[in-house]
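Some notes on the structure that comes next.
The letters A, B, C and D name the chains in turn, as written, and every chain counts its residues from 1.
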Amino acid sequence: MLLDADDSQLVLVDYQALLMPAIFESERVLANALRLARMARLLEVPLWGTAQTPEKLGPNVPELQKAIEEAGGKILNKTHFNAVADGLGDWLRPPARKAPPGPPRGNARSLPKHLQKAPELDEEARGVVVMAGCEAHVCLLQTALGLLDEDFDVWVVTDACSSRTERNRDAAFDRLAGAGAELVTTEMVAFEWLGTAEHPAFRDVLALVK
Amino acid sequence: MLLDADDSQLVLVDYQALLMPAIFESERVLANALRLARMARLLEVPLWGTAQTPEKLGPNVPELQKAIEEAGGKILNKTHFNAVADGLGDWLRPPARKAPPGPPRGNARSLPKHLQKAPELDEEARGVVVMAGCEAHVCLLQTALGLLDEDFDVWVVTDACSSRTERNRDAAFDRLAGAGAELVTTEMVAFEWLGTAEHPAFRDVLALVK
Amino acid sequence: MLLDADDSQLVLVDYQALLMPAIFESERVLANALRLARMARLLEVPLWGTAQTPEKLGPNVPELQKAIEEAGGKILNKTHFNAVADGLGDWLRPPARKAPPGPPRGNARSLPKHLQKAPELDEEARGVVVMAGCEAHVCLLQTALGLLDEDFDVWVVTDACSSRTERNRDAAFDRLAGAGAELVTTEMVAFEWLGTAEHPAFRDVLALVK
Amino acid sequence: MLLDADDSQLVLVDYQALLMPAIFESERVLANALRLARMARLLEVPLWGTAQTPEKLGPNVPELQKAIEEAGGKILNKTHFNAVADGLGDWLRPPARKAPPGPPRGNARSLPKHLQKAPELDEEARGVVVMAGCEAHVCLLQTALGLLDEDFDVWVVTDACSSRTERNRDAAFDRLAGAGAELVTTEMVAFEWLGTAEHPAFRDVLALVK
């Protein structure tokens, strides 16, 4: 019932430049998405982004795009509101990591083959999907329900999600909870991925959230 | 867990002229009911209305009455607060469509019989009832619970429902959720019925909700 | 999932003179308790009251005491916060009606025996307990949970319940919902007990709630 | 479904001097923690405290530390946010009471062995853990979920819990409820542990909460 960084993947849905200005509490939401992306990098949690018809709504907000790339993450462009209909489930299933999650593992790939991690380690299932995005009641909701249908454990980070209206946002959370998603906050994710004040990344993660 | 327009019917409960002025947030609620009726027409979702003792409470608000008729919908007059007790379940069960949902299918009925759709297509079960209405805690609630008892999947569009008081309205939503109804918003319905930005009606539906 | 007057009993918990002035929204709560008592009389629903250590907290508020008596109801004096520990369950189980619920049946008892209703009718189980009271998080909560433990269906009328603080009141409602009580409002009870606008008591009950 | 003092233990999580000033509604929360500790002493409910890396965050607030000690309670120092990972479960399992809960039983231990309570009485399982603490969404949440995993019945006293932000606090409560914890208030605990106005400690406990 607590998150474990070793079982987790992070999915950030549609924080797109042309969409964000209309979003309720968009600054706070975007700041939390950035925290999540940076935590994922620090804790080597695989990270994925999505973008809805980016030719119309633009790419993800540059700062977040950069944070996703620095963590080794890829962006799935999609036309369906539910990213699973455009193949997200395949990206998340083992072998889950087509791209390395961050510099250390990226470097590892340039090592001689016998020094690299065995591929079956990379191919371990990470069935826990921590996710957030916009709009909460459209693309985030539909993608989360799509992943639940594919038997992933879905954890939605509510303070990193929003919609244009508060009411639609909250209606999404109620529906997600009813469908079996676990609703968490950015700080919950941080302290569960860490587990203990003795984690080597404790100070760095603490600096992100406080 | 996502709505599919091909499995859905829409039921609009008691938006009556003499009742609406006393309703909390009645303008917003009525606007959303109109959006739903127009979406149903665009997406060929069968549509039904009800009216509680219209000889006392008047007919449905004219603009909505017109939208229901343009979508090919019929109005069930009733004396029970639960429309199922006055036969709504029979209207919704296959053959669900006694009236065509909109002009295209209406026209089809005037074609020579061998060119019309086979009756078994019309007789397919549409077990998903999307519904909204007033008062949320009386006629909408009782009808929704009545349809759940008859094994329909019931989806209540909360931002198109209201009561004279906010508290009664919210108490209805809590009870509906506890009884197994799915609580959604007008925009959730729109984007789930569409599914993708490539749906031919995408622009028209988007224009209704934004 | 809808209330039926013929299966229902009404229990009103501890609306006591020395307690009510400290209660949050006490006027509204008491007004709704009175509405419930008067509806019970009109619809021949058996009615019971309770009083916590009345030698210290005083009797029920006079107007409510009178309404309970006019409906033929009795008051259970108790020392436990959970009225079931002082015997409420026995009062509610068949033969549930030691006292008649109102004038009509009271009169019936003075008829010659062969014209009276057969006792087995009076002894029918009425497993549905509609209840409300103060404080919501102490005596009402404990009594409701006690009745759930004894397999009654418990329906709590939230807008007729309160505590000294809003937070304690709401915490009681959350807990009751989690324990399987159905949360309703005074108007929900009215329109479900009636069922239809053609009920002979429709106008009288409507006059009570509107 | 109601608390019983004879089955209960009380756990107070991380009310630490350097943390409390940043906590939302910290005065009210701390006052309720003190009430709980004093009730536990009056009703002989075993009591435990925890402290997160006290070398950094300081000891528990002095007044609470004193109340815990007066009730015979011990403090578990921990580095994991989930106190169960540092051994709390072992402290709570029978023999649950390594330290006596208060003066009377403390004295009993100095009696000649044949006059002391039989050890199997002390070793009875008290499977019900009433708990509260800060931050609600980190150490309190993780410890509560940890105890649920170890099959304790967990009752969280919400008005004695808080976080630096209200939103994180409320998100913790939602998640705890979803995980099977019972959410209660300080007064609920008081009146359920008492059960009746005739309990010998009724006046003393009442004086604490009113």
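As a working rule, a residue touches a chain if its C-beta (ideal position, glycine included) is under 8 Å from a C-beta of that chain, and two chains touch if they have at least 3 such contacts.
Treat the numbers as computed from the prediction; the structure is a model and nothing was measured.
Visitor: At the place where copies chain A and chain B touch, is the share of residue numbers found on both sides over half (same) or under half (different)?
Guide: Answer different: the two copies use largely distinct residue numbers here.
Visitor: For the sequence-identical pair chain C and chain D, what is the superposition rotation angle on Cα atoms, to the nearest 5 degrees?
Guide: 90
Visitor: Can you work out the whole-Å distance between the CA centroids of chain B and chain C?
Guide: Using C-alpha averages as centres, the distance is 36 Å.
Visitor: How big is the gap, in whole Å, between where the Cα atoms of chain A centre and where those of chain C centre?
Guide: 51
Visitor: For chain B, what residues touch not just one other chain but two or more?
Guide: none
Visitor: Looking only at which chains touch which, which shape fits best: line, ring, star, complete or other?
Guide: Ring.
Visitor: What are the touching chain pairs in this one?
Guide: The list of touching pairs comes to A-B, A-D, B-C, C-D.
Visitor: With touch defined as at the start, can you tell me which chain A residues reach chain D in the complex?
Guide: Against chain D, chain A makes touches at 1-2, 158-159, 177, 182-185, 187-188, 191-192, 194-198.
Visitor: Where on chain B is chain C touching in the complex?
Guide: Touching chain C from chain B are residues 52-53, 56, 79-82, 85, 137-138, 141-142, 145-146, 148-149, 167-168, 171-172, 174-175, 178-179.
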